[in-house]
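What follows is a structure written as structure tokens; I'll ask about it next.
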Amino acid sequence: MRAILKTKAAVVGALMASTTMASAGDVEVLHWWTSGGEAAALNVLKQDLEGQGIGWTDMPVAGGGGEQAMTVLRARVTAGNAPTAVQGLGFDILDWGNQGALADLNEVAAKEGWDEVVPDALKAFAKVDGKWVSAPVNVHSTNWVWANKAVLDANGIGVPTNWEEFTAALDTLKAAGITPIAHGGQAWQEATVFDAIAMSVLGPDGYKAAFIDLDEGTLGSDAMKEAFDRMAVIRANVDDNFSGRDWNLATAMVINGEAGFQMMGDWAKGEFLNAGKVPGEDFLCFRFPGTTEQVTFNADQFMMFDQGGSVSTEQAALASAILSPSFQSAFNVVKGSVPARTDVSDADFDACGKQGMKDLAAAAASGNLFGSMAHGHAAPASVKNAIYDVVTAHFNGEYDSQTAVEELVDAVSIAK
Amino acid sequence: MGFLDIDNTTKSYGSVEVLHKVDISIEEGEFLVLVGPSGCGKSTLLNMIAGLEEITSGEIRIKDNVMNGVHPSKRNIAMVFQSYALYPNMTVGQNITFGLEMHGVAKPEREKAMQDVARLLQIEQLLDRKPGQLSGGQRQRVAMGRALVRNPDVFLFDEPLSNLDAKLRVDMRTEIKKLHQSLGTTIVYVTHDQIEALTLSTRIAVMNGGYVQQLGTPQEIYDKPENIFVATFMGSPAMNVVPAVVRVDGGVPQAEIVLFDGSKARLPFSQPNLTAWDGRDILLGIRPEAITDHDSADRKSGNIASLSNRIVVTEPAGSDMFVSMQLGGKDVIARMRSDADVRAGQDFEFAVNMEKAIAFDPETEARIQP
Amino acid sequence: MSVASQDTAIRTGRVTRKLIYLVLVLFALFYMLPLYVMLVNSVKPLSEITGGGMMNLPQAFTLEPWAKAWSSAQIGVEPTGLAPYFWNSIKMVVPAVAVSTVLGALNGYVLTKWRFKYDTILFGLMLFACFIPFQIVLIPMARMLGLMGLAGTTWGLALVHVVYGIGFTTLYFRNYYAVFPTELIRAAQIDGAGFFQIFWRILLPSSGPIAVVSVIWQFTNIWNDFLFGASFAGADSQPMTVALNNLVQASHGVKEYNVHFAGAILAAMPTLLVYIVAGRYFVRGLMAGSVKG
Amino acid sequence: MAHSADADFKTRLQAWIPKLVLSPSVAMMLVFVYGFILFSVYLSFTDSRLLPSYGWVGFENYSKLWRLSHWEISLKNMGIFAALYISICTAIGLGLAIFLDQKIRGEGLLRPIYLYPMALSFIVTGTAWKWFLDPGIGLENVMHTWGWESFRFNWIKDRDFAIYTVVIAAVWQTSGFVMAMFLAGLRGIDNEILKAAQMDGASNWNLYRRIIIPQLRPAFLSAFVILSHLAIKTFDLVIALTGGGPGRATELPATFMYSYTFSRNQMGIGAASATIMLMTIAAIMIPYLYSELREKR
């Protein structure tokens, strides 16, 4: 069926000049990086390709952290009109790969030795059945805490290393009339916090059993209840006005000294830098207490959609450009994330970036690198959203911790 | 075969038959009026002639050509509508020539035809106006102009005067009659107004309930109505219909009627075969103008009967004086000269022209044929 | 049926009138509020916005956000501003509105003046079609567009809007033509005019008011559509709403609210203009038939 | 028979033209609406996830759907939202129309102000609304800076009240349009009836209650149909204003369906919810269409 669609589309495409099928020599890229810094970084990639004589047709669709783009992608694939390359995350890539919709990049991967430089945990999301199907751009780690150094210093708080120190710090801030935690009340942000807490409570093995293997015993365990209890503590340290707030507005609260901490992925760093703050001097970045060894990650990649071989060379060139050390460095310095390959020089990165790269390499080596549940790198979208539902309902006071655990088991079983 | 034949034509909507086997044949130059109350099927029949409604069974022929299934524009007919149906966005001139344009008539010829018609109807000064700027009478003329310019075999009029005020209606009525006389065209004209029917037509078809009740000249319809419906529908004030009993006295059939005070009077018929009805109930039909005072009774009549009765109300109406009384338990109207010396409460000697009296069978409501 | 000069038989006292005016003005303020917020904040420098006071008038008036939104804001990898997408929208909206209005007029004409068996059922089906949630047609529609070779084209997008617009346009025209005197059609038939001649010469010249309603309705719906535009447009045919969304939904990075607001007003400008300019005809058109539906 | 076969052909062609003209619209409707509805209903019985797939699973998706508390919440919200939205819009629309019908000076200025929200999508006004309703920067904050310190308006952050903020924004968008419909209806009422009623000594209140409002039945019906269909389709508004939050407090069936079909890769459950939505719409619309279209005959 797909093949028939494709030939038909190709024939029609040849007949109709107005159609936007990516013609040979061009790549059409569907992505949701439309904000200034990201788009500018992507422009580097575009110019690189244009230098090789490959045109870039831009197809930006922002919204919902890529959800909107995924809807568009589905329409495009159903129409037999898939874009050449599509920004993708975690399980979406695997799903499309399993549908047989993605191109085989093994040739270029072998030539450039991707297998040696990309961490295994990441490869799990870039390869389907032993075939490279997408090119990873970066690795975000999500278990960061961001803090306003001046606020911490003023209240005599050091970097907390465990839950007790952390709660003590929260209490101190609260007593000082400062919002302890800046938080944006959106499901994915709550899940991001929950990710880190669950990792610290359950430990790496428990985290894997619960969110990757979806083991009912672990999902319904007392430890999970403890995780929800800690979420309630976080909730108690958030201002009343958190609901619906965008993450960057929460970051601004830390920047302005209205709040002490924010639990957020490494993209938050860009906000600090944009505000003219210096890492280590004005603000601090550290792993969530109790997860110092671990890195939970999500990675942006570009999936290459199979076009019947008509743009293989261009796709290979694009993939190669994405994975080139120079682009990896240039892009990730801007984005706040770290390179997807571990052999890139950290010379251009700031303190937080350097630490991120070091952490990633260490975690990858010690088996402590895990896909983030909150960002769709642990379980498929249906399960991820089912967990979101429970976490966010609990955070908003709809369930107590015991109910939340029960609902979690139930919701995951429906979604599986 | 006539000029326009309506041959055993019926019309049904689904299982409901609204016109029952209508059979009318019209000669060239005739002016046929279809008259009846609303819902009697007269407009449906007209629309069938026009081709705007399909014919369920039977045939309609114009000049011996079967018209069933022929498009309205191919029947060589023209129609004037109740609302005039002037195209609001076109000028009067464009309205008149639209049909010619549609039939592919060249522009110079259209212009000429338009001018001719405009002159005939005296609307030359209106040609550049839009229908919205015209008075009712002017619109009426334009609508007729639009029909005339086509020079059709048959003109169809669908209650064309009912939207005009009383005076204008009378004027236009005369005008239509004049046009018919001078042009000699064949016309089928629908109205619910019996006066229009009587004044305009050469023949009238009175319709009710989807049946043609009577077809005949205006005189026949007025003087010899075939049934009580026709008798009471045509003429104003309506024909008086009074219950009576036939009594034969000396070989002469007489109508025995109850007067206002319960006493009985007898009026001799001029219709000998009513002796067969001796002792039976009938309905006696007498037109108001057949009841007068003795001075103004019809001299040519050979059968003027006297009737003494009490006057209930008098209504002077300019040229006439309407006098009402109780007869056979019904209100009965007499039409007298306007200077008649009558007043309410007076007992009065009426002259009844029994030559014009009509007897109806109360069972079938049909006229008892002489 | 002039809207403005209608004589109302109702008389009201002085105090009542004052109260009425007060209520009317209060509601006007309520309706104006979001537009006010957008306007005021689109002419402030970003620093003033983040400083708080969303209702405050700008201290330092600037048109720079407008210029930036129109011609240099980052929409995709290139800082093109909204301008090119504006023209994409125009290219899609004009044919879609024209075709759906003409089809609606023809359908309304057939359904009122050329009645046939089961025509009401057909109309009922068309009307019901107005009410389906668009999300459910996304996937099958994509497949159909692919099969027809229209995927990712302006024409395909216009087709989608025509398909889901004719229900409404047919409704409007049908209700309008239902009270149009049938005798005029009959007269024209006897005059020898055919189906299209009657439509073109008799009905269409009198359809102004309802055509305005249909055009306004279709124009705003199609212009404001995001779902179909995002899903079925190609890279070179993305409409204004998709670009605006890319501008305001940019995931990571500094949010330039003043530029967002300026962009939002720019994106809304055509529909706003249509409502302001043609609004009076809109009410008149509604009077001329559609509410009788 | 003297008439030519040619004339007959043309006449018959004329009889077919109306149907021919209607046929493209009918064909498009049958394929693109009813075909797609059938397809969607079919999908609700399959194991479709990322893309349509055709493994038959019977009523499994429906039983899963009814087990989801999420779906229950969205249905409950729909009930609250639709009831409030329709009644408030109707009340405001009718009230404004009546007021505006009192020979108001400046009607020409007020009317477009009331009407313009209908011209804007929530992609455009979403941010402004979000700001306005946000206690930190919006109305509450403004009131505080004006000196009314105790003023509280934090519904959008409150799980129990957030759905009402959705109602406010939705009413803002459509009540002006409803006003236009009622105004059109009012202007269509015969003034002589009103004069007669006034002669009969009816007060203004009674005039409206007993004479005018009953005559607006067609406008009420149209308003009800348009509003209920907008209520069921409400989607952009929730996405722009609350994203379904706080928590899941403002989820509606349309957002539920979209999220299950497209974000959660559970197309089967999404299709099942779509089927139930369609059945609900049909339950409202079919009696209405039946009564309306029958009267016309």
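We just call them A, B, C and D in the order they show up, numbering each chain from 1.
Please note the rule applied: contacts are C-beta pairs under 8 Å (C-beta built on N, C-alpha and C of every residue); 3 or more make two chains touch, one makes a residue touch a chain.
All values derive from a computational prediction rather than experimental measurement.
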Query: If you count the C-beta pairs in contact for each pair of chains, which pair comes out on top?
result: C-D
- request: Please identify which chain has its centre, taken as the mean of its CA atoms, farthest from the centre of subunit C.
  value: B
Task: Calculate how many whole Å lie between the centre of subunit A and the centre of subunit C, each centre taken as the average of the chain's C-alpha atoms.
output: 38
Field: Chain centre separation in whole Å, for subunit D relative to subunit C (CA means)
entry: 15
Message: Using Cα averages as centroids, what's the distance between subunit A and subunit B in whole Å?
response: 91
Junction residues of subunit A - those touching two or more other chains: 64, 71, 74, 78
Per-residue multi-chain contacts in subunit D, two or more chains: 14, 51-52, 262
Message: Can you list every residue of subunit C that touches 2 or more other chains, as numbers and ranges?
response: 138-139, 141, 194, 245
- line: In the complex, subunit B touches subunit C at residues 47, 50-52, 71-74, 77-79, 81-83, 85-90, 98-99, 102-103, 146, 150
- request: Within their complex, state which residues of subunit C touch subunit A.
  value: 50, 74-79, 138-139, 141-143, 145-147, 149, 151-155, 230-232, 234-238, 242, 245-247, 249-255
Query: Where on subunit A is subunit D touching in the complex?
result: 64, 67, 70-71, 74, 77-78, 95-96, 99, 185-187, 240-244, 380-382, 384-386, 389, 392-393, 395-398, 407, 410-411, 414-415
- line: subunit A residues touching subunit C in their complex are 5, 8-9, 12-13, 15-16, 18-21, 28, 32-40, 42-43, 46, 56-66, 68, 71-72, 74-76, 78-81, 246, 248, 252, 267, 270-271, 274, 335-336
- request: Using the touch rule from the top, collect the residues of subunit C that touch subunit B in their complex.
  value: 181, 183-184, 186-194, 197, 201-202, 205-206
